[in-house]
């Protein structure tokens, strides 16, 4: 029992880093421009298909493919920002929700036409790592390491580089940032780009672990919502912690009750936190 | 025609909370699904008549909204919208686990039951007329709300909730009432629809994307107007059935609907009615 | 003096936001039928005080008594039903509703809680009173600033309140509009017997309409008296024009 | 020589016009103040000059070059710097980060260390708290950071909106002394200040704004001795 529990916790933690990475993209965008990106899931799905095509069809190593996918994710984000997001930033909230959802519908619609809704698999294995009684597939370990590295890079960017600081400045006070000579529109577009880059990378990592369809993004999008709310909307560090909490929960809960209760618990928790502690468990601000 | 009447009912009732009160519910389908499930259970497992069960479906959906609303209507803007998504998914996952609702496989009817209503064909007509009546009652209710003191209170909340409180509007009460009312009709519609289909399962009952399609319909016609949701529902349904039957577009139905939504949001945020109203003052008075 | 009935009492009202004290120990009375002015420099805590009086915030400490009922922690709609109405410094018209509907809302939800039909009659009458009746079918969002201010006033009046809080109703108006508004304020008290508590920056106007004035500075009540007493109060002059000695000191230090 | 020339500018928010045909000049190295009641349009004018609001009519010339339609960040990068009302700091960032962001533009970056030294010297209090989040500071300290951040931007024109708002008299004295010093060092300053007496005491030239128009202008002495100004403020 204890061993099983430990294995579940480790499993959950490894997955949690990827969840956290995905949620970070969502929370970054919200933190900077108060837009809840409802196209987050489909963008993740595109990341999955990106890795699939680059590795299975073009023979690239999946992890190398991730780099290309990241670049494409950035470009995709910039395009989405320019077409659907920029114009509704000052409009009521409903507008941004609907605009990003319309992007969601378009990606899912086109994606279904191209890829159908049948499952795809990135077939690829690197053996396992044994830690005493616990056996971990290297895929999972590598994904978690990459997710951690990407998180660290994001933090380095946001806290140590001038454009990163400028993005934080814009997120805190857009007018004041303009007054300091910071081109706020460029920074907003850049953060949307980074947000969707993180989504595609997280999607790509998921693709190296599980089979997926064009609709798979939706599940991860919902998980990202839960995580983001756990960690506090707009707080990237919180997203990482939230991701780990969710990962561990998903690992541990099935040890005690049926797996099908997991989403009920997740979503009830989500609504409860929104109600009781909307600033998130970490209590930013 | 069934689905047209259904979407008119859904869009008009959503409009009460979305258009009049200004609260964006991304999970309004929850009331259709939950009310429908309860009614269907009463018919298929407890032998209730369709009429009683339909009423029960509406009432339980309203009660759900009352409970849910008294909690989540405290949230503002995006937080409210997110919580409705959460509630929707939670409910679907919950029903999946409830054995007397049949879990993931759902419930189905013994087809002999249609004999009580004059055979399957007759029953279908019966449901059609009932649904027609329901759609009509929903639109009439929407009209009555719009021109009542209650409706004025809701619109004051939509315009400025803080100012509403200062004016003496008991905002928590009114919001909850509006939410509850807007859940009643979808609950009944759910029972009728599942009864017509003869079965229900969680994935049919709580499709998140339909919640958002409802919002599109309301927006397309014009939120906050009586006729807007009706026109929007009609137009959207027309478009969807055209796309679904066209060889060229049938795979791209969703993408085109998405594009349409984006165009509305970017260029015509007040919908068809809003656009017409802004053309002329005369029309404004007619097109409430 | 002791005969006067205090309709609103603030007792040691204190409000903190985080570490900042917006109001500290503010105690005052407002007597029935009186126009009480509230002045103070920007950021002195005037609007914060209003927000506590009508329930938008509840005070961190202290009590508020209105018509002999303690209302300290009541929500605004409950206070409103007891007969208090207010206007906002930054006007809050219900933009997508018509002017008439804005005022009807005031009549049917506030103090009197009238049905729609009766509320409409009252609204028409009040709109006439503030000279906005010919614009009743326009959307409130399309009015200009002066009209929006009068609309706020009408909306508050339609509730037939016992006490009316006015937050800078004169700001942003030109001299002619100011005179018009002053007349309206006076008529509200004289013809309708409504007590008035008003924040105002246009001192000249306040001097002519108010019976008494209280002054806040850094969140504390520092002066109280008739307009005459207030203008001659050195603390008031200092707060508004700046301390003449401070300016001298500065010039010496700087030279 | 006029560094900044505002000619016949009208502006406002949405459909509401706030400024009517306003003209104003800033002379190089002079301290100009703008006084007037609440809501008369001083802040709106400042926001229009820096480009947060677009003028509806009229033009704005900066060093003889037209800058009327440039965006706020471009103007800031060229040296038109505003220390806005209410500080508007990046409250979840440290003092040092705020100062650093002040020097975002290439022009300002080139003078980074020199300006930083100057700010440290003027505001020793700030130097002691470089790693504190500005949101946790007192109003006075925040105002110092705001002025410091403005100075880091290497201003050709330094505009300050409500320097003394909500600060205690002692702090106000400190800040005004800093202003005097900046004036002595040749900064061109436009000051909006509710403390009329103090503003007029230290400035060279003054504009009185009322109802979105320039009602009166002249040397500070002339304005200070004008009976009309006293009347407009106190009604005496």
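As written, the chain order gives the labels A, B, C and D, with residue 1 at the start of each chain.
Heads up, the rule we're going with is that a residue touches a chain if its C-beta (ideal position, glycine included) is under 8 Å from a C-beta of that chain, and two chains touch if they have at least 3 such contacts.
From a predicted model like this one, the values you see are computed outputs, not experimental measurements.
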| item | value |
| --- | --- |
| Chains touching both chain C and chain D | none |
| Distance between the centres, which are taken as Cα means, of chain D and chain A, whole angstrom | 42 |
| Separation of chain A from chain C, taking each centre as the mean of its C-alpha atoms, in whole Å | 49 |
| Geometric centre distance via CA averages, chain D-chain B, whole Å | 53 |
| Where chain D touches two or more other chains, by residue | none |
| Contact graph of the chains (line, ring, star, complete, other) | ring |
| Listing of all chain pairs that touch each other, if any do | A-B, A-D, B-C, C-D |
| Chain B contact footprint on chain C (complex, rising order) | 54-56, 75-77, 80-81, 85-86, 88, 92, 94-97, 101, 104-106, 108-111, 113, 115-116, 119, 155, 159 |
| Residues on chain D engaged by chain C in the complex (per definition of touch) | 15-16, 37-40, 138-139, 162, 165-166, 168-169, 172-173, 176-177, 180-181, 194-199, 201-202, 211, 230-236 |
| Interface residues, chain B side, partner chain A - complex | 24, 26, 71-72, 74-75, 77-79, 81-83, 85-87, 89-90, 93-94, 96-97, 104, 208-209, 212, 215-216, 219, 251-262, 264-266, 269 |
| Residue numbers on chain B that touch chain C, as the complex places them | 148-149, 152-153, 155-156, 158-160, 162-171, 224 |
| Of chain A, residues touching chain B in the complex | 34, 36, 83-84, 87-88, 91, 93-95, 97-99, 101-106, 108-110, 112-113, 218, 222, 225-226, 229, 258, 260-261, 263-264, 267-268, 270-271, 274-275, 278 |
